[in-house]
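As written, the chains take the letters A, B, C and D, and residue 1 is the first residue of each chain.
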Amino acid sequence: MRATPIPEAMLEPIHDPLGSARDAIGAGRLAEKGLNVRHGTILTLEDINVSFDGFKALTNLNLYIGVGELRCIIGPNGAGKTTMMDVITGKTRPDNGSAYFGETLDLTRMSEVEIAQSGIGRKFQKPTVFEALSVFENLELAQKTNKSVWASLRAKLSGEQRERIDEVLETIRLEGSRERQAGLLSHGQKQFLEIGMLLVQDPQLLLLDEPVAGMTDAETEFTAELFKSLARKHSLMVVEHDMGFVGSIADHVTVLHQGSVLAEGSLNDVQADERVIEVYLGR
Amino acid sequence: MTMPLNQTLLARTSAKLGPRLSIAVGAVVLALLIALPLLHLTPADSAFHVNAYTLTLVGKILCYAIVALALDLVWGYAGLLSLGHGLFFALGGYAMGMYLMRQSAGDGLPAFMSFLAWKELPWYWVGTDHFIWALCLVVLAPGLLALVFGFFAFRSRIKGVYFSIMTQALTFAGMLLFFRNETGFGGNNGFTDFKRILGFDITAPATRAALFLATVILLVASLLLGWKLARSKFGRVLTALRDAENRLMFCGYDPRGYKLFIWVLSAVLCGLAGALYVPQVGIINPSEMSPTNSIEAAVWVALGGRGTLIGPLLGAGVVNGMKSWFTVAFPEYWLFALGALFILITLYLPHGIIGLLKRGEKQ
Amino acid sequence: MKRRPFLKTTLAASALLLSGLFPFSAHAADTIKVGILHSLSGTMAISETSLKDMALMTIDEINAKGGVLGKQLEPVVVDPASNWPLFAEKGRQLLTQDKVAVTFGCWTSVSRKSVLPVYEELNGLLFYPVQYEGEELSPNVFYTGAAPNQQAIPAVEYLMSEDGGSAKRFFLLGTDYVYPRTTNKILRAFLHSKGVADKDIEEVYTPFGHSDYQTIVANIKKFSAGGKTAVISTVNGDSNVPFYKELANQGIEATDVPVIAFSVGEEELRGIDTKPLVGQLAAWNYFESVENPVNEDFVKKWKAYAKAKNLPGADKAVTNDPMEATYVGINMWAQAVEKAGTTDVDKVRDAMAGQTFAAPSGFTLTMDKTNHHLHKPVMIGEIQDNGQFDVVWQTDSPIRAQPWSPYIEGNDKKPDYAVKSE
Amino acid sequence: MTTALYRLLFALLLCFQWSSSYAGDAADFSAANSSKQAKLLQAWAAAPDAARLPLLESLQNGRVEADSNKTPFYKTDTGYQAAEGGDLEPVGKLRKLRLNNRLRGLIAITMASHQLFSTDPAVRLLAAQELQKSAKPAQLQLLNERLAQEDDADVSEALSLALASLQLIDSDPQVRLAAVRLLGETGQPLARVRLERLLADSNETDAAVRTAAETSLAQVKRRLMIGELLGQAFSGMSLGSILLLAALGLAITFGLLGVINMAHGEMLMLGAYSTYMVQVMFQRFAPEAIALYPLVALPVAFFVTAAIGMALERTVIRHLYGRPLETLLATWGISLILIQLVRVLFGAQNVEVANPYWLSGGIQVLPNLVLPYNRIVIIAFALFVVVLTWLLLNKTRLGLNVRAVTQNRNMAACCGVPTGRVDMLAFGLGSGIAGLGGVALSQIGNVGPDLGQSYIIDSFLVVVLGGVGQLAGSVTAAFGLGIANKILEPQIGAVLGKILILALIILFIQKRPQGLFALKGRVID
């Protein structure tokens, strides 16, 4: 079955109906409205080093992602892909180096929550959804809104928000499982639900860790369509092993090896690179 | 790591089933609980008379039920197993006890201080002769302690078993502190021999009835509050927090605030339960803080069914009922029964009695 | 269909609540009910279980002689499980459900304090058999254990005497609860009155269940360098073993620094290796080793009873001071009921005044006319390696109790007769 | 040569005088009341006579009994022998001569002054040392005489010290000065008090003596200080070693397997009860080898607790891997059952576990520092168990398997590691080590059903603080907590010290959560 193209309107960001009253505990300092992308780069990683008990996971990593770009990251196991995502989302602090979201937000100084609120969304390698909640409730929680304690105590879904969730449900083809408990979904469905949760979160930058693992071919194809359509409005960074999938979506590919960038360029360029061939096939 | 609790919340269940029946049954229980203290006021030789023994026993169990509910809010919903709720319960009890001691002592010092030759009240006793301030303390003492402990614990992401062990150590430390005579709370003897509350004789039937009613009101209020919370988005965030905290953080929620809120709320509920418990049973002493008591409360919740609102109440009732019976019938075997209960619930009844009833329903 | 679970749960809940409401009560026509309120489980079971058995034995004995007022006594045993609020609850149960004529029970002060309001409210009668700190005199309680002046003060007088080693310095070591605190306060005042200066008195408290006595023993050693020192120990049961072991291992002997204990008796010694303790002292009002016909008979009866009832450790059954006090208490109550001709609490209370009983201690004990305490002899015993005590000193005659110690400020204004606390 | 001859003569005399000339001392003593007995002893101490040695020895051993005529008899292994000699038969019932602590003290002094005449220098040395702390002014002359006759250097020194305490009130300032100086050389706590008295009451008139006393006092204080500090360090180490033994088993079950074993304390308790059982067996079947029972108890306790641990793992814990909170509740239930089981089987009372002679007493290192043997042995034993555990985990097949399973269960299973059996063995190992800890604990404190309860919280704190899965961390944490406790205890008391330490642990975990999560790494949710 071919994927239906996604209507433009669905991907339009919906503005926070409650305004940007982010005064709750640990709320973000800045909303994405003010994100400064003057130079066209949304993410800047420079000279990042991370080591775990002597093991160097990242060494002098430099990476730039442009606004609206769809970047694929490939690399053998242990190349540092997930660690890099951990650094961007604030889960791991680099030993040194700088990480900027836009021109002004220093990711190394922000907490995970602040980073998430400032507009970076992440999908985990293993699909993680809230298993005890229904599909709808999963999306409701993820939806961009005021996420402070007090707000959630009083929160009521507006019609607009409900519509938005319904739209996304349709996009990820889970409209039939709306009230189903997320824990009961299949692996692929969970993957989609998690992507859907990213969509309602409406981030500027999406980090996706192996999004098509465990999907059927048709689902993979559909996902590729989805990502490509997202790319214009959002920046995406996709870590993937499936070269077919990478080839179908990426205009730009980065190869990581032993914690730093080995090669960068179009998929064809990269695949022709001697060093990359050696890394993948050599040993 | 996480065990999905496929338990549908009572809130949701009752929303779906025709609410009339559940309201009817609830009303019957409530009516019984309200009738009980009124029957206590009948003359002693009346056929319907309910004696003070029964009233205080049921009152005590109701207080425990509130504790179970409070524990369930943090454990069943937010996934934080506290083994230190006895501390909050006791703190509330002590705050109320301070007021009761002052009432008994009149203008002088409470008895335990005067025979240890203390000349004046320690600073933290200031104002405890006013009921209003005592009430504030009932809320503030457990609340502030929970706030401070929770702030540090949640900030450094202590969770799961570590959290349980830390809370256990906390209540243990509290117990040691209150056992000291120099701490100024009567040491091992704690507070006893209360005479009056708000000027009323504490042993008068009307006072007992009023205290009992207050407990019923607090229980109903806690249930309503729990129900409201479970239905709100807040409740869903807590459930999400329990199952996948990292996911929640990457959705932009700060778990600390949520945990702190429910943790403090739960502590305050415990404190209030403690405050009602003390005048009814007539004594508060540090053994209420012993880790064993707190862990027993966890069994009430586990037995009844965590993540539900009625479950903990059932659990508290069943375990305490069993305890009353066992300690009379076979005092030696009570610990065997309690121990076996712990093991069997965890092995075979992960959803407690409520889960059992549900399963029976499905088949 | 979905209604049923909720219905069921609610029903279950209400059934549970109801079950507590209407407890059954049995009616036995020709017996007098007697309550026994001792912990049979939990931490205090160690000490209290034997008191329950002693009470049952005494009741059997009275029944064998024809009971009281021609009626048999019917013991009602409940287990408050070392849980203080439960003491009050069970006490209330005994008085309101079982309608007992009298209760024998409690060990710790806190359990007594917990039941006291219940007994005063319902005008019950409680016999309390353990030595305690005094500072209490309720009309609803008869105290058959020692007040501080019947144990602590004579013990210190002994230590200060030549035979006791003419101690000049005193190390007061106790577990941190009310009994040691109050006792030590009384002792300090008493020592002051004997001219002992504050610098020669050291007061140290340890928490319950303390087991590491290294620092404290080192302190005792340091303190004892300053002159002939005696340790007065109000250390609670379990902590005594590590304390004495540490003393012995650090080379402190009873001849250098004698330790006198107020809470170590035959029952406590039963479970420990007494070698390190030999020569240390204890003060009580009764020891199993006392030699007189009444005691011989008493000990024999107890051993036979323990064997007959197959009590745990029956082959090593011992008697001790609180057991004797229980025995004396029950017998005196029976005599008082006979005298009053009724079990009515007020009448029995009046009849109790001045009752006498030839006790196993070898003395005829008298219930004081006014203050609800027994007149008791005081004995100092030395621990032997067989777990028994060798009496090294005793008073010539029983001493009257002073529940309101004159050494505590303000007690001179307290009346020496029982009044309900207000 | 002359002294040797003199001694020989003395010894011979002793034999002759045995039953004749001093007859009457024993009878006097047994007939006297206690204050008179004290006077007798004091008199004897000032004028020793070898003939009294049998009497004194018998008194010390509690073997003197009197019949109803107050005729004294010595109790021997076979029967009774009249103390005054002859073939007297006891009249009426024999009763042990009642002594009190004062008399016992006096007997010790009297004995010591008699032993100064012994031919064995070691005995004389002990006697002189005893007199150092207890010599009475009446013995001044005796001591002077003995000192003059003494040829052994050590005994001389000990005697002069014993004399020095008495000479502080000598009328000759020179003698006092010498005595003061001599006292300064010792680190005796008694010397400090004596010197302080000299200064405080200003009853010393001679300025030179006063200055010397000040110097000596400072000297003594310094030595005492050293002893105190060492003592504190030792007690910290000792407490640490106990915590370590209590926590080590947990470091395996919790640290490696991730099982929250609340019944861990009961494994300690069962280890202690195994020790008790072994002791009972020895008493019944091999009373002559009783001193060896702790050594036999070690393997017994290890295997008993390991077997119980494995049984629990198979029946309960196996079903709960990966559900730590449930494990916590279930094992708490197990602990309740085990406690009650022991109560039913052995009674609620504590049971009697006696230290064998080689674990009783202590070694005198400094005048104010005695290190008890049982504590020394336990410190060594704790270290031994740590080394053993380390070897087991790092140098054996089982250890390799355990580490493999704990790091990646599925992978290990794929490699053919029987994960089920490894879990069982590892849990058994942890429980067994707890059993070993129980043997050690039985030599320090009570053995009762509640033994384990008092260690469980401390054990968890040690493991958590040390870093889960880190053996070295547990060792550091245990000794750290032990020493911190012992430093705080004299300052603020045991309770506040403990509370403060709990608070510090909570704060410490703020700073170094690695204490909690030992291994850093990429986090997979």
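In this text, a residue touches a chain if its C-beta (ideal position, glycine included) is under 8 Å from a C-beta of that chain, and two chains touch if they have at least 3 such contacts.
Here the structure is a predicted model, which is why all the values come from computation and not from measurement.
Minimum number of contact steps separating chain A from chain C: 2. Among the other chains, the CA centroid farthest from that of chain A is the one of C.
One inter-chain figure worth recording: chain A and chain D are separated by 65 Å, centre to centre, where each centre is the mean of the chain's CA atoms. Remark: chain B and chain D have CA centroids separated by 45 Å (rounded to whole angstrom). Centroid to centroid, with C-alpha atoms defining each point, chain B and chain C lie 34 Å apart. For chain A, the set of residues touching two or more other chains reads 91, 124, 128.
The set of chain C residues touching two or more other chains comprises 176, 205, 207.
Shown for chain D are the residues that touch two or more other chains, namely 495, 498, 523, 525.
Listed in rising order, the residues of chain D touching chain B in the complex are 260, 316, 319-320, 322-330, 332-337, 339-341, 343-344, 457, 460-461, 464, 495-496, 498-499, 502-503, 505-507, 509-510, 513, 516, 523, 525. Of all residues in chain B, those touching chain D in their complex are 1, 3, 81, 149, 152-153, 155-158, 160-162, 164-166, 168-170, 172-173, 176-177, 179-180, 244, 246-247, 291, 295, 298-299, 302, 332-333, 335-336, 338-343, 345-347, 350.
Of all the residues in chain B, the ones that touch chain C in their complex are 10, 13-14, 16-18, 21-22, 25-26, 28-29, 32-33, 36, 50-54, 56-58, 60-61, 111-112, 114-117, 176, 179-181, 186-190, 192-195, 203, 281-283, 285, 287, 310-311, 313-314, 317-318, 321, 324, 327-328, 331-332, 334-335, 353-354, 357-358, 361. The residues of chain C lying in touch with chain B in their complex are 1-14, 16-23, 40-41, 78-79, 81, 83-86, 88-89, 92-93, 96-97, 108-110, 113-114, 116-118, 121, 135, 176-178, 181-182, 185, 205, 207-208, 408-410, 421-422.
For chain A in complex with chain B, the residues that touch the partner chain are 24-28, 89, 91, 111-113, 116-117, 121-122, 124, 128-133, 137-138, 140-142, 144, 147-149, 152-155, 181, 183, 197, 201.
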